[in-house]
């Protein structure tokens, strides 16, 4: 099967993720969408690695996972503390600062 | 390496400023005396410069040159020609009078924080301005000049915005808002001008590769540095715009009336008599030397603007109800004359213009300072609030009249010589312009005499009936200025002798010769 | 001997300096210092005059070069004096009459606490006036020219607390400034044409340049002369100038300063000779003014204003003569000198009358004063006879010569000018007789009615020292005042004869002004006869109107012309409507423009940037997702743009 | 560890000819990486301190360790530079992962100094009134406790302090040190995350106004993660394009010096669409970090919400690191694409300069004002970046150095002006400050003038440098726009000065707290640097211009 299709898929996933970020209110969901985008990246990496016949892409994919994990740790911490103090995880409620 | 006289002349007041600022709050008077002494010492140095300067010597004398910012092609280069010397002398001369006149202007009404020391600040800022003005007269490196041309704005800004006339018709609150409006207007106008000049300065560097006035001028002269016509014109406009704002030239003048109206009389003098001169001086030194062709190209337009300034300023002066505004518009008219003389490109015109800078400085100082004394007595700037002062304070009225007569350039007083030179110099090359400009002298008579009549003559107004005459300190400020006005009116030769050679070389920079008379009647 | 010349100017200048800076401690002696200084320079003048007389006619020119004044490249102005027959004549007139009037003022200003200052100004005036006539180049002359303007400004407005005086002073200065514009432009033209403006070179090279240029210069000089000598159209200030103390009117606005214009024209004769059109203009101005002034003089009830009108008209004669070229120059100057005597005398007389009449100036409140102030009456009368040209008195000679010269101009011009001159003579006779009759004859209208009635406000505050509304007690003035009057009267009686017999004056001035006999269509006798007839007619009418019938104490409404004449033939109203009102509107609108347009543009820009900022600020709405949108959009644009760059 | 190192390791294994023992160990020049390593090490020590040192002495231990570490790291940088690694011995270390050259050393030095000064402001404990008899800094007593809850009160009463901020700071600094010297895209990404994540946390730790602080953190985190996702995808695309993530390799492919393209890969290898889109996405990620329009919108909110010391540090150091990375990317990886990205960057620079300056005019909160001004400055720096010349690089380096100190100093001053509710950041409260405490006002005025680029301040020298470079680089219009926007910008700096000096003080106005020597040093250093770089910048310009060459 032509590996290029995987690229199309990853692009699709990335776009879905981005759209999710733009349209979803709940911080958690937004964050999940971001994770989705990262996964799309991983897919792309792996695919390219396959196409080029070198392993860099796959290695990078590992790194990305690690980073993403770290991100989750930090992100959830922040979001949770926000939720606890506001009893809402909606990113739109958090708009004290504007103008 | 001889004693760096020029640097000293600029550094002394700077140090004085720091010292003055450092004087503790309680010792207010000490700060005043310190400032006065420093300004006098500076005057002494300036006189030394005047003496050491040889009119028939090289173009730039007492030069100093040190490496500074190699990356920007900037050197610390100082040097004075006749024009600069004259203006440095003027600056140093006026300062003691300004300080003396502003003796009580900055005494704090209420004691604010223990560390709040307005008086010290006032005099420190004045000295700071003096230092910057002097060094920008001395700088022969475009960048060096630019730096102080710009930096000067900051102390001026605080002087205008921070210190105003005591009594004010709408109370202290309104006064402070108006003051800060004037200050901001002043700063923004000049900053915009300066930033546009900055672009031109950078452009100049890109074209020329360094900032040394002499090197560039030489390179221009011997053709080794060629500028494309359009480049030169754009750069010229960039420089000229900044100078025209500073000068100020119509239609960039509107900051001046506000600034002079809101600031105390000494500061107002500082603005018109000293700081603005940097603008006209820079036109002579930088615009003409760096961009001769563009200068000639722009001359017609500039002459028209100058002409408008002359007439327009005078007419507006007639229409003013505020003494200081009136003087401000009168100055605008006079700056029109100066700029006209510079761009007439004749030796009479430019010598006249330089002389005009000096004389205008002195005459405006005389008029404005006396006006300041008047205002401080009555606590109002409105002409309508005065009348019959002549009866109660004859000396004040007399000095005021002399100042006014100088402003309308009465023969026998200094400004007449310069004004006539400018007119003749313009007339020989542009008769029409010269004739139109001549109307300015009638209008000058109008606004001056109307001012004098409304304030000094007529029945004595109730409010002024108890007005004291000039005090010793005030007389000490005015008398020397008046003597100077008369002396330079009768015998301007000392100044012209210094200025003429510089003007000659400037004219040769722009490759201009005086038009020859049709009949060689002169022996 | 040359070095004395500077002293001529220096003496009164010193006096002025001392008096003005001296302060109160000089109040006691100030006036005597003033008199001393003026008479000192008179003495110098006489010495120099004698010295000149000693020389033969060609070498009667003394030059003194003091120092180089404004040296700039081609522009070389020196402080240098030239004393020749012309200037020495003026020197003597100025210092002589000046000294007399100084003396007179000692008495006249006795009660004024600012007398010291007054004498300071008078001295200043003398210095400036002498500088004017002694200068060797036009620029220095210009200094004197404006100097006298300043002095006259200060003296007209001497009583500054009176708004009318202050206004009059300002008006005088401004109108003169307009004239000065002409002078400065003339100097500039000279500089561009000749490369110099010293008398010698300029006047000797008039041949080398085009007539057009010379005409331009001539007209500009004429403009200057009009301003200084109160010639139409710049005459309006002279009437108001009478606000000044009477000695001032006598010295500055009758005898000396106002004649500076004539001096200028005669001095620049060479230029005018080479520019006929300019000359014609001069004659026209002269003729018009002499009629204008005369007519105004007929209608005024204020004695000083009446005399002012006559001054105007007499100077018109001089200008007319000066415009006639070499034929007239000498007579212009001659009339100038004689006029100096009798007009000064008349003014002093008027002053003396006012002095005795609680400073009343309205002639309708005079009458029959000859009994009360005999000396004044006689001196005034002699002056009167002199001015109307009574045979044998000085006015007769000088004016007659001018009329002759006018006819001698030849052609229709000659006829017209001559007729004007004759007409003028007739009117002069009329209004002077009128003044004479209303003042010294008829019933005593000042009896049993207080003076200073509202419609004739007093000119002099000295009244404050006399009772305000008391009935006046006419009395003769003190010696210090009468002596100068007597001296001047003598001058006005014999001056003319002295000058004319054997054409002394002519031969004296000829080397400077040159002279030529025109071919008059009329014989000298005919002209004289005509003049006599006009004179008699004028006097007759005046007698018929004011001598036989009693003079109403309140002015009758009078004919349209009379009312116009009372208001200076509406010339002032014209100025007011056109210049003053127009100017006010102009300035007011300009102030508005400066505020709204020039300033508005800047403030507008600032405001619009602020508004833009406010609108852009709204984008920052605090919602993270909308920020994300902008990032996403930005990224999209970035990518698209990059690709686009490659595409194109 | 770096990707290439790893992969060479793998590939050799895959070759599988010899036994594992033959695997050559990757060669790491520890000496040349020492600055980073020191900081990381110290951070880890900090974590241990948190774990084992009793609460009382944690604060001092942390401050001490961090200070020592930063100084040591800076010393290492200086040593390396002196050793010529910045110029002659500049090379690529850690098997192609890290470039040790002029720019990286210069920027690392700047970051370390900024970090040190930042550390001082972090450690300041005299500004807030003492809570229950123990000194407190500007960080939450206990981040986990809900604002206003009893647990929070208890934490405050117990005198808890979040000393974790110091290790976090060190981690962030470590990431920033790597960021500008990263020489392959993976390192770049990792570094990006390493310094971003701690910052996200730090933003959430304000003691006062905690809700705003948390909100700022959330916004910063979500948007940052969003941006880094873009970056990562861009990296993926570039990898796809070049078959490698090392800068050198990509650059070669871009230049076309690598010709032996496997035909099977023709549709990916050397496919310019991938290159352009990828490049654009990575650049976008970096522009987000520097806060360039239109990726700037997080800046004001985060600057306002974050604890002021963090804001100051962030504003200074993040810009330095991000611009360093941007420079390297554009000069080393994409020089071949100059004609594609320059016009785009032009547009970005212009909108950034103007946008930042214009919006700032109507701001009413001093921190937001400074945020917008930092946006405008990002625009100015971009103008230097666009010059694409050695002068451009050095001018940017100089500007960053000058700017970072002014910024930290300015924010440090902001921490001093306080009222009952903590820092009084609303402009109206600054009215008449010049009357109350002229010194503080004067210092702040100096910083503002430096921001405005008034001569004799470092701001002017920097601005002149970048504009000069831009003009020489043929970007004259950019200079004109820059000049105009500086004029606009001048307006609001002046507004603040007017407020401080020319308007009457409010009776209920804020007080100026007297700080400990720590903050004083921070501010004093800012002033000194500002004036020195303004009056005699030559030495530092030389430094920057020597450091102006990237190793390839």
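For this structure, a couple of remarks:
In this document, chain identifiers A, B, C and D correspond to the written order of the chains, with residue numbering beginning at 1 in each.
Quick note on the criterion: contacts are C-beta pairs under 8 Å (C-beta built on N, C-alpha and C of every residue); 3 or more make two chains touch, one makes a residue touch a chain.
The structure presented is a predicted model; accordingly, all values stated were derived computationally and were not measured.
The minimum number of touch steps separating chain A from chain D is 1.
Ranked by distance of CA centroids from chain C, the top chain is A. Simply put, of B-C and C-D, more C-beta pairs touch at B-C. Distance from per-chain Cα centroids to the pooled protein Cα centroid is smallest for B.
Spacing of chain B relative to chain C, judged by their CA centroids, is 37 angstrom.
Between chain C and chain D, the centres computed from C-alpha atoms are 81 Å apart. The distance from the centre of chain A to the centre of chain C, each centre being the mean of the chain's C-alpha atoms, comes to 97 Å. Rounded to whole angstrom units, the spacing between the C-alpha centres of chain B and chain D is 46. Chain D has residues 218-219, 222, 226, 230, 300-301, 491 in contact with two or more other chains. In chain C, the residues that reach two or more other chains under the touch definition are 606, 617, 620, 622, 624, 628. Chain contacts: chain A has residues 18, 21, 30, 91, 94-98 touching two or more partner chains. Contacting chain pairs (ordered by label): A-C, A-D, B-C, B-D, C-D. Contacts from chain A toward chain C in the complex involve residues 18, 21-23, 25, 30, 91-92, 94-99.
Within the complex formed with chain C, the chain B residues making contact are 188-189, 250-251, 253-254, 312, 315-316, 318-320, 347-348, 351-352, 388, 390-391, 398, 405, 410-412, 416-417, 420-421, 423-424, 427-428, 431, 434-435, 438-439, 441-442, 445-446, 449-450, 453, 456-460, 490-493, 496-497, 500, 504, 514-523.
Across the complex, chain B is touched by residues 434-439, 449, 454-456, 460-461, 464-465, 467-468, 471-472, 476, 479-480, 483-484, 486-487, 490-491, 494-495, 498, 501-505, 536-538, 541-542, 545 of chain D. Here chain C touches chain D in the complex through residues 606, 609-610, 612-614, 616-617, 619-620, 622, 624, 626-628, 630-631, 633-635, 637-639, 641-643, 645-646, going by the rule given at the top. If you check the complex, the residues on chain D that touch chain A are 3-4, 6-7, 10-11, 14, 143-144, 146-147, 186, 189-190, 193, 197, 200-201, 204, 210-212, 214-219, 221-222, 225-226, 229-230, 232-233, 235-237, 239-240, 243-245, 265, 267-269, 300-301, 304-305.
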